[in-house]
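Just below sit the structures, each encoded as structure tokens.
Below, chain A partners chain B and then partners chain C, in two separate complexes.
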Partner chain A sequence: MSLRSGLSPPGLLFAVLGLGAMALPFATLSANRIVAGQGLALWQVAGPWATAAALAAMALALGLGLRGGWPWARLLGSLLGLGALLGLLGHAAPRLLAEAGEFARVSPAAGAWCLLLVFMMLMADALSVLRPGPWLRLGLLAGALALLAALFASGLLADLSVFQEYRARIEGFQRAAARHVALALGSLLAAGLIGFPLGILCQRRASLRAVAIPVLSFLQTIPSLAMFGIMIPLLSWVAASVPGARELGIAGIGFAPAFLALLLYSLLPVVANTVAGLDAAPRAAVEAARGMGMTPAQRLRSVELPLALPVILAGLRIVLVQNIGLAVIAGLIGGGGFGTFVFQGLNQTATDLILLGALPTVALALVAAILMDIMVDLTRHSPGEAR
Partner chain B sequence: MIEIDRITKVYGDTTVVDAVSMTVDTGTITAIVGTSGSGKTTLLRMINRLVEPSSGEVRINGEPTRDTAPHLLRRRIGYAIQGHGLFPHHTVARNIAAVPRLLGWPRYRIAARVDELLGLFGLDPAEFRDRYPQDLSGGQQQRVGVARALASRPDLLLMDEPFGALDPIIRARAQQDLRAIQQKLGSTIMIVTHDMDEAMSLGDRVGVMDGGRLVQYAPPQEIVARPATPFVAEMVGEAERPLRFLSLIPLRDLVEPGEAEGAPLSDAASLRDALSACLRSGRDAVPVTRDGAPMGRVTLAALRREAARCP
Partner chain C sequence: MPVSYGTLLRAGLALLLLALVLWPQGFAPVFAPFAPEGGPVIYTRASLLSLSLGHLGLVAVATLASTVVAVLLAILVTRPAGAAFRPLSRTLTNVGQTFPPVAVLALAVPVLGFGTGPTLVALFLYGLLPIFENAMTALSTLPPRTMEAARGIGLNRWQQLWQVELPLAAPVMLAGIRLSAVIGLGTATIGSTVAARTLGEVIIAGLLTSNTAFVLQGGLIVGLFAVLIYDALVQLERRLTPGRPRPA
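== the complex of A and B ==
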């Protein structure tokens, strides 16, 4: 195989980016969690042998990524690169801390983040070439999560600053995680309960569609900070003037306004995709269902909804990922969730606290997106598909 | 027996179907033919109440359709449409089983009926049962569509341009198959088409619709021989009338004793086939056989005499 025909253009890009990232500061050592630290290059963080091994492994990983046509080798390369990167970080952190003061912190710097991104893009690129089926994707996801859990349990990264922040507030983190999931999934569920019937009605009645879709589109255009802000006076008023509202937990700040804001953002994708999915059901099939004596409910249940399901699920995917991201803003109005750490971190200029909120949010959104994609694939009925 | 009694549909100021009355005998095919906008599809859809009549009534075996809830009525009436309307997310077997499932047939009876119908339509059950509609050819999809419409042994089968989406060769084959299956099952069928050839070749009786009115309802021979209005004559095609007339008479009606040269024709072939054979081969007569045994001949002179009888 000649080099020209075997070269993968994205692989080449990743190699260039990866080599560039190695020249950036790899880790930051600071005297405490707030002050700006001192950037350390890749070759300054560990002893010569560990550095050489990690460098060689990362170079090999980028090299494996260069060859097109070998997707499994490229996937292996991405895992090797990630392993070397995290290994070096884990190895370096206690060494650096031992020589620094009591409150010193070590955190990954731009170079490490860029390398992480490069290896993950290499993994995504290899996977997109491999085109794994839905069940294999589910297996790969489970494997990746298991590896991640094992990594955290091993304590390899325990000396990194963001993990120190985590250890300082384990209980708060668990509460925030539960609240974040409750906000994102709960508002999705509520949007489904309201949006599906509304979408079905909109598809049946053009007059309702002409009103509902523009209103929901308008809600979608309200900036998220403003939306969460609007909820405060609105729900304060409801809590004060509607009997029983306060007992239900409705208040100007906290869970209720955050939940309501997320719900309002969720309605457009749910309703619009329900309408689009039902519209896309073949007219002749719906007509035949009517002609053979199905009641409207039977027609909806056994013909229209199953045919609309992939489009509806695609809408739910948008909502879920969007809500996981937007739920961060709930932290601003006392709604809890990972946003709490982000805003605390912003106030304290403690970057690692911000990361403690941001990283799990990104991971959660990524996992949700992959799971929803798998579900969409499993419900799709495309011609000639193996079953 | 299906009795349609002064059935009318009015939308606003427009009368789409205007007091149409007709009787369809059990076990026959009735073809409704007309241009688009003639009201033929609306007429058909009023029979299973996909469209509610403005006035008039339809009786199936003496029972007014008005007395049954629309969805229950439709489970007794087969319905096949252009573009087959199969459910893309269900297998062939599940598609055919749709109405029996609605009627709550037991599982074993549904399975047996599905296999029986697939066999009847020349589709091997073992091969086709678990396929999806997208994996079938157009002709196969159309056959599954008709099989589905017949699954619950309906009193009546309504077909709205069922062959409209097929190419001419598959279409001719589908028409033959429908004829054969109708004769085997003794089904009562009403078929709507805009194609006079299709109406003539399938219909025991042909109804011609024009501007919402049924302008003629008669056997094909009579439609050709005595068109009731200039519109019917135009639908038949003035120039083609003698040929259409010949195409409706089988050779056995005109066969005479004697011999002739060349390839023989079956006694079930039409006079038009014989004329075509004479012209192509330059013969003055063609031999006629019944089940392969010589029966006599049909001469060009006799064909000319017969064609002249067409008024």
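== the complex of A and C ==
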């Protein structure tokens, strides 16, 4: 094992990949936001001193990753590498733009993306060896988000084309973000309100479970585009025939069909994990509660549900991450969210617009997953304090 | 008996699917109320059969490629020589699965351009994760006594892998393949927004021209394919798991 000392095999892999990535085109300079640009190598984007400094820092970062025994040094190395990478991009963009036309755009090319990926993998590898506890993870996440916010606020990356795309539609972006979160969290909430009672009932009655779980798994199987599409005639019919439905904002396209589709996808993880969590509650604990004279309702509230909480939360994690991803499809049926940018971008072949929709979605899903994992761990460590 | 109900339902759904694909005109009266006034009811810009074959072919090729690569990687990581990569690979599969499939598809376009290519690559990459995760879990949690017995009867490493480990891990691996195939079917549908020839084309055409008949027609066909394929793979898993409850 090389975990304690010596060469780290993943570190060696990262070093090879990183050096390879440095040979790929680093940035793309294009005449406007639609046309294909011209790739520039790492040593063509900035002056000799800046390039040398960035190269040295990235080489040092990859070197720090080589040692197996020092996970903290490797974590530091990954941050150094990311800093050098973003610094070089931020330094190069205004220089390249100054020499190009008015509508020119500078964007990261394959080499920069691959280097980003390599340093992220180095960070992931260091973290997976460090195995930080839930509170430390929360601290690291907060630190990473603060660094990211500071980076955006500093304007270092403001000349990259994704940020130009963002500045051109700040209001639309904020609306899309709010709508995306509303879709994902709203459907999660609704799934909880329906799913918990249904899960508890399913755990009590085998006959209900035998019907509900297969039906919900089949619902999950239906491709998202088909599900969102089928909701349109269904809800147009409801809006047209149920009095008052239209006033509530129910319509064939827009928020309502997207919300309903997400809700249907969310039910299986909530119900199945509620059942599994309650099933896994130790018999002895349930028996003891019965011996103390607790009513079934008291047993459920103060013994079974607290014991099942980590598994139920794990179900909610699946739902939240899944919904953040699926909410992108809402962009196709006028439901708003980041999907609007993704599909507009695909229509116009505008890469930056695609990125403007896809990158925040990925980031949102990642942050949601990390937060929910922390919550699952916390409830697992101290079930007594869990609420 | 529930078994015979299940078989009947399966046969009925399969027949309905075949009819929808091979004889779409026959459903004109059913879909007519959903079409716009005077608009086309049945999608005729491409044959539904060729779109179905394209869709299924795309998913089959991607899932097959993901299976081969993911199982190979899982075997490497569960050997002593690959142990150093295990924590990393676990983290990467966890993180990778938080990436929305649509986002992976959309991000493949700037790199690879439009068409079937980026869809295939996105399906392949995303399909790796569930298969790798399940294969790694299955191969690293084999009953130690069985492995000892395999060594005891003098099997070499290669024979152990081929005759004991892989067969024992097969049902759990198959569950991963099923997950990947189902996600692939869904992602391939969205692939038509990047110009891949799949059944999503019918739904997208319906959405663009506000023709709900197209949306329903495409949605029904894709949905039925997904449900039937999922069900077939579940049945296969049950066959491969003698005397054990089906792993979740």
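One rule holds for everything that comes next: the second predicted complex is superposed on the first by the 375 of 387 C-alpha atoms of A that agree within 3 Å, B and C clash if a C-alpha of one lies under 4 Å from a C-alpha of the other, contacts with A are read in each partner's own complex, and residues count from 1 in each chain.
Following the convention adopted for this analysis, a contact is a pair of C-beta atoms (placed from the backbone, for glycine too) under 8 Å apart; a residue touches a chain by one contact, two chains touch by 3 or more.
From a predicted model like this one, the values you see are computed outputs, not experimental measurements.
K.L.:
Answer with first, second, both or neither: which of chain B and chain C does A:L189 touch in the superposed model?
P.N.:
Neither partner.
K.L.:
Taking the superposition on A as described, I'd like to know which of chain B and chain C A:V303 touches: first, second, both or neither.
P.N.:
first
K.L.:
Look at A:G291 in the shared chain and tell me whether it touches chain B only, chain C only, both, or neither; answer first, second, both or neither.
P.N.:
First partner only, chain B.
K.L.:
Does chain B (first) or chain C (second) touch A:L136, or do both, or does neither?
P.N.:
In the superposed model, A:L136 contacts neither chain B nor chain C.
K.L.:
Mind working out whether A:P282 is in touch with chain B, chain C, both or neither, as first, second, both or neither?
P.N.:
first
K.L.:
Which partner does A:V215 contact after superposing on A: first (chain B), second (chain C), both, neither?
P.N.:
In the superposition, A:V215 contacts neither chain B nor chain C.
K.L.:
Counting residues of chain A in contact, which comes out ahead: chain B or chain C?
P.N.:
On the superposition, C touches more of the residues of chain A.
K.L.:
Thinking of the overlay built on chain A, is A:I232 touched by chain B (first), by chain C (second), by both, or by neither?
P.N.:
second
K.L.:
In the superposed arrangement, which partner chain does A:M121 touch: chain B (first), chain C (second), both, or neither?
P.N.:
second
K.L.:
Across the two complexes, what residues of chain A are contacted by chain B and by chain C?
P.N.:
Shared contact residues on chain A (touching chain B in one complex, chain C in the other): none at all.
K.L.:
What part of chain B is in contact with chain A in the complex they form?
P.N.:
It comes out as residues 48, 50, 70-76, 79, 81-89, 98-99, 102, 132, 134-135, 145, 148-149, 158.
K.L.:
List the residues on chain C that touch chain A in their complex, please.
P.N.:
Listed in rising order, the residues of chain C that touch chain A are 34, 83-85, 87-88, 90-92, 94-95, 97-103, 106-107, 109-111, 114, 182, 185-186, 189-190, 193-194, 200, 203-204, 206-207, 212, 215-216, 218-220, 222-223, 226-227, 230.
K.L.:
Per the contact definition, I'd like the list of chain A residues that touch chain C in the complex.
P.N.:
1-3, 8-10, 68, 110, 121, 124-125, 127-129, 217-218, 221-227, 229-230, 232-233, 236, 252, 321, 324-326, 328-329, 332-333, 339, 342-343, 345-346, 349, 351, 354-355, 357-358, 361-362, 365-366, 368-369
K.L.:
Name, in rising order, each residue of chain A that touches chain B in their complex.
P.N.:
Chain A residues touching chain B: 282, 284-285, 287-295, 298, 303, 306-307, 381-384, 387.
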